[in-house]
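The structure follows.
All chains are identified by letter, namely A, B and C, in their written order; residue positions are counted from 1 within each chain.
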Amino acid sequence: MIDPRFFTNVGPFTLGEIAERLGGTLSDGAPRDLMVTDLAMLDDARETEIAMFGDRRYRAAFANTKAGVVVTNRELAANPIGGDTHLIIVEKPRNALAEIAWLFYPKTEEALGFDDEGRAAALANGARVADTARVGRNTSIGARTVIGAGAVIGHGVIIGEDCVIGPSSTVGFAILGNRVQIYTNAVVGAQGFGFVPVAQGLRRVPQLGRTLIGDDVEIGANSAVDRGTIGDTIIGPGCAIDNLVQIGHNVRMGRSSIVCGQAGISGSVEIGNGVIIGGAGRVADHVKVGDGAQLGGGGGAIQDIEPGAIMAGLPAIPIRDWHRQSIGLARMFNRVKKKD
Amino acid sequence: MIDPRFFTNVGPFTLGEIAERLGGTLSDGAPRDLMVTDLAMLDDARETEIAMFGDRRYRAAFANTKAGVVVTNRELAANPIGGDTHLIIVEKPRNALAEIAWLFYPKTEEALGFDDEGRAAALANGARVADTARVGRNTSIGARTVIGAGAVIGHGVIIGEDCVIGPSSTVGFAILGNRVQIYTNAVVGAQGFGFVPVAQGLRRVPQLGRTLIGDDVEIGANSAVDRGTIGDTIIGPGCAIDNLVQIGHNVRMGRSSIVCGQAGISGSVEIGNGVIIGGAGRVADHVKVGDGAQLGGGGGAIQDIEPGAIMAGLPAIPIRDWHRQSIGLARMFNRVKKKD
Amino acid sequence: MIDPRFFTNVGPFTLGEIAERLGGTLSDGAPRDLMVTDLAMLDDARETEIAMFGDRRYRAAFANTKAGVVVTNRELAANPIGGDTHLIIVEKPRNALAEIAWLFYPKTEEALGFDDEGRAAALANGARVADTARVGRNTSIGARTVIGAGAVIGHGVIIGEDCVIGPSSTVGFAILGNRVQIYTNAVVGAQGFGFVPVAQGLRRVPQLGRTLIGDDVEIGANSAVDRGTIGDTIIGPGCAIDNLVQIGHNVRMGRSSIVCGQAGISGSVEIGNGVIIGGAGRVADHVKVGDGAQLGGGGGAIQDIEPGAIMAGLPAIPIRDWHRQSIGLARMFNRVKKKD
């Protein structure tokens, strides 16, 4: 279910309407007049909701989904599925999901700062709000939280106590804990980078998820944390994110992990507790980084990292191997060899 | 010719004045009293304009230029040139161009937001403009375009219909199509990074070009697209640019190409249609990337990429070779060898 | 000594109070009632001040310090020290320094733009200030300096003449020379990324230094320059810093050095004069880069770079060796070999 605090659902639609819109085929016995109320992820979806299964990696979620309807392709539909779920078979499930999202949510209002209806409540709550900041409607801002000049708080946002929202930063589609620090020009809840290829070029995938930020998190200057596509981007309590960092949609970070300057965490990455991502380190989409693991500066992880492992290089390998390769290559190819 | 919408030309100057200012030597028969009206690129320049030839790569443009005057050095002057072009011979043509630019355009007014004269016309046109945004004089903003809090639209800018200009973003020296989305804190039309070395250090090269953005382009949060030095930076229709991306001066991108988060496209790069540049991928200056080519995340292209090629690594090589190297190196140097 | 322009010291405290707060052991004969007035770096500290010695690399500074008190661990305390310095022995000196910083400076007021008390003086001085900009109290802004829309100048900041402070940029805890250009959305004086590990996760290290920027410096759009932790981040005159660059705390750059787009300079790096750091180049913390050295685009320096050296790759090696490795690897592993 998409959070109605942030997004306005123009549904429901019948299963028949949806299948027609997608040009899809219904599975046997699917009732065309079933009311579909919303979209959701496979593992969150309820009986009146529609989810998408477009990648084998998620076949366990497909097997256990409670979704009333799942859109998938013919090949993936052969995977086991339990319960009363009906299927819509299409050629390109990801494209179909984008169309379903546009159907239910034709208009997303980005955090644009037209609305300052939340200022009075924030002040009454004991927050401070600079005069050039804008606090949207239906927000909740905790006591002693400070919102700097030019900051924009989008509608529905919840911010805890003792937070600092830096000048010219923007927070939208987000729920923040206590003592969170968002520095200058940071963007929390930006629209993630989601497109599907279509005949004419690229089709936007609406981004209907949220950003959830735990207590005591810091997010550095000029960094960006995208909100989830469906479901949430989650930054666990005590995480420290440096300047110019990019955190993609649906990333999940545990507790007290560190992301150094200019690092990039791609979409759907899972980062454990106490992880350190070095400066300009990159983690490719869907990669899992185990508790206490480290990725050296400039390294690029394209496969999962075991808990406690220390990795470096592009592609990232164990740091000892990386050093061994560097030394070995120097011996093989370099004219002047250094003694150490 | 430099666009007078954005830049104020204090010329013309005579050829004699210019040669003297540069400490340059005129080619035989060059008329010192020729009125030079403006500067331009070799392939755009007209008979009353001056251009610069400072790099062998542009000798075809030199051979075909219609410029009335070209500033170059003795060595490059030996290249064939057609027509009635006069030459000014200097030691350092790039430095000379900077001086010519300063001569004609001593003062560039960056998009600073002092001026809100364009607001009334924008509103009359059916645009929405947040109260803390600033819309400069002589702008044109299309119907239903939304300009968020704290955004700054520089003088002369043209923005089409149904665009979204995010909070705290800045658009200057630019012409945007319809349905363009500029996200939070993005900077379109920033001054490119141009300097020439001089005895005392570095001398700024004025940036007198524009940024042209096609229909349906998206530019992500905290990204920067520099305007051209002379001539334009061009983002073709349907391109999608993610967060924290840098696009240098005079880059030209075709249709529906994708630039993922934190990637960097250096000055004068040419990117075709349907290209994908992965996260944190880099393309070095003047490199050409063919239609449908891909550069893997973190890769760095320092040579042209053929259409359809899939490249990875630094320097970028075909991705299969890159995988082969990674595996080969692991076999050679690593103590613990993985099975796959 | 911490600059009282920017930070408010709630001390002094006695040596006994401090040792107790840290759970530390005093060296023999240390007077518990000694008044400690402030904290400082080893090489700057005066007789009433406390400094920290936590890394062997700084043993020369320890030997020569004039600090009245130094906090260190048992092992490092064995290094030679001259004069009348008393020691507090703790397990983790860096953690102890954080606690001392919190003790003297319990509250840092970030540059948040609540305060516009400096506007009148700036205007009287001949500066221009956009209406949505904010200029804090006790600032000094030079003649003809222009402060764009939405910019925030923090309390105590000094800016010279003929500077341009771009829209939505923030300058705090900083002293700028003349003709400095800070572009759109840049952040000067951001809080550096300093944490120490504690049992419950991460503990913030207060950032109590400044950013000093010389004449004729340019800082590009969406870049961030952190202030010092204790002591200063220094950008020498004539340096040119491109877009989306990160400069860490306590970095020191000489004259006329260039940092290209998306490069990252980690904490405490020293960069000489006339250095060029290529696009997306990285310099690891505490590395020294000699005069006239160059680091190729995407390269990562993890060791000092000699003056005049030209380096590339990750880890950075001499560029000729890097080319040799690239060619050698292609010969060894790639199926299709290119002729050149």
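Just so it is clear, a residue touches a chain if its C-beta (ideal position, glycine included) is under 8 Å from a C-beta of that chain, and two chains touch if they have at least 3 such contacts.
This is a predicted model, so every value here is computed, not measured.
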Degree value of the rotation bringing chain B onto chain C, based on Cα positions, nearest 5: 120
Proportion of interface numbers common to chain A and chain B (over half same, under half different): different
Rounded Å distance between chain A and chain B, as computed from the means of their C-alpha atoms: 32
For chain B, residues that touch 2 or more chains besides their own: 132, 150, 168, 185, 222, 244, 262, 280, 314, 329
Residues of chain C defined as touching chain B within the complex: 128, 130, 132, 146, 148-150, 164, 166-168, 183-185, 216, 218, 220-222, 237-238, 240, 242-244, 255-256, 258, 260-262, 274, 279-280, 297-298, 313-314, 326, 329-330, 332-336
Footprint of chain C on chain B - complex, ascending: 110-114, 132, 134, 150, 152, 168, 170, 185, 187, 190-191, 193, 195, 200-202, 204, 222-224, 226, 244, 246, 248, 262, 264, 266, 280, 282, 284, 300, 302, 314-315, 317-318, 320-321, 324-325, 328-329
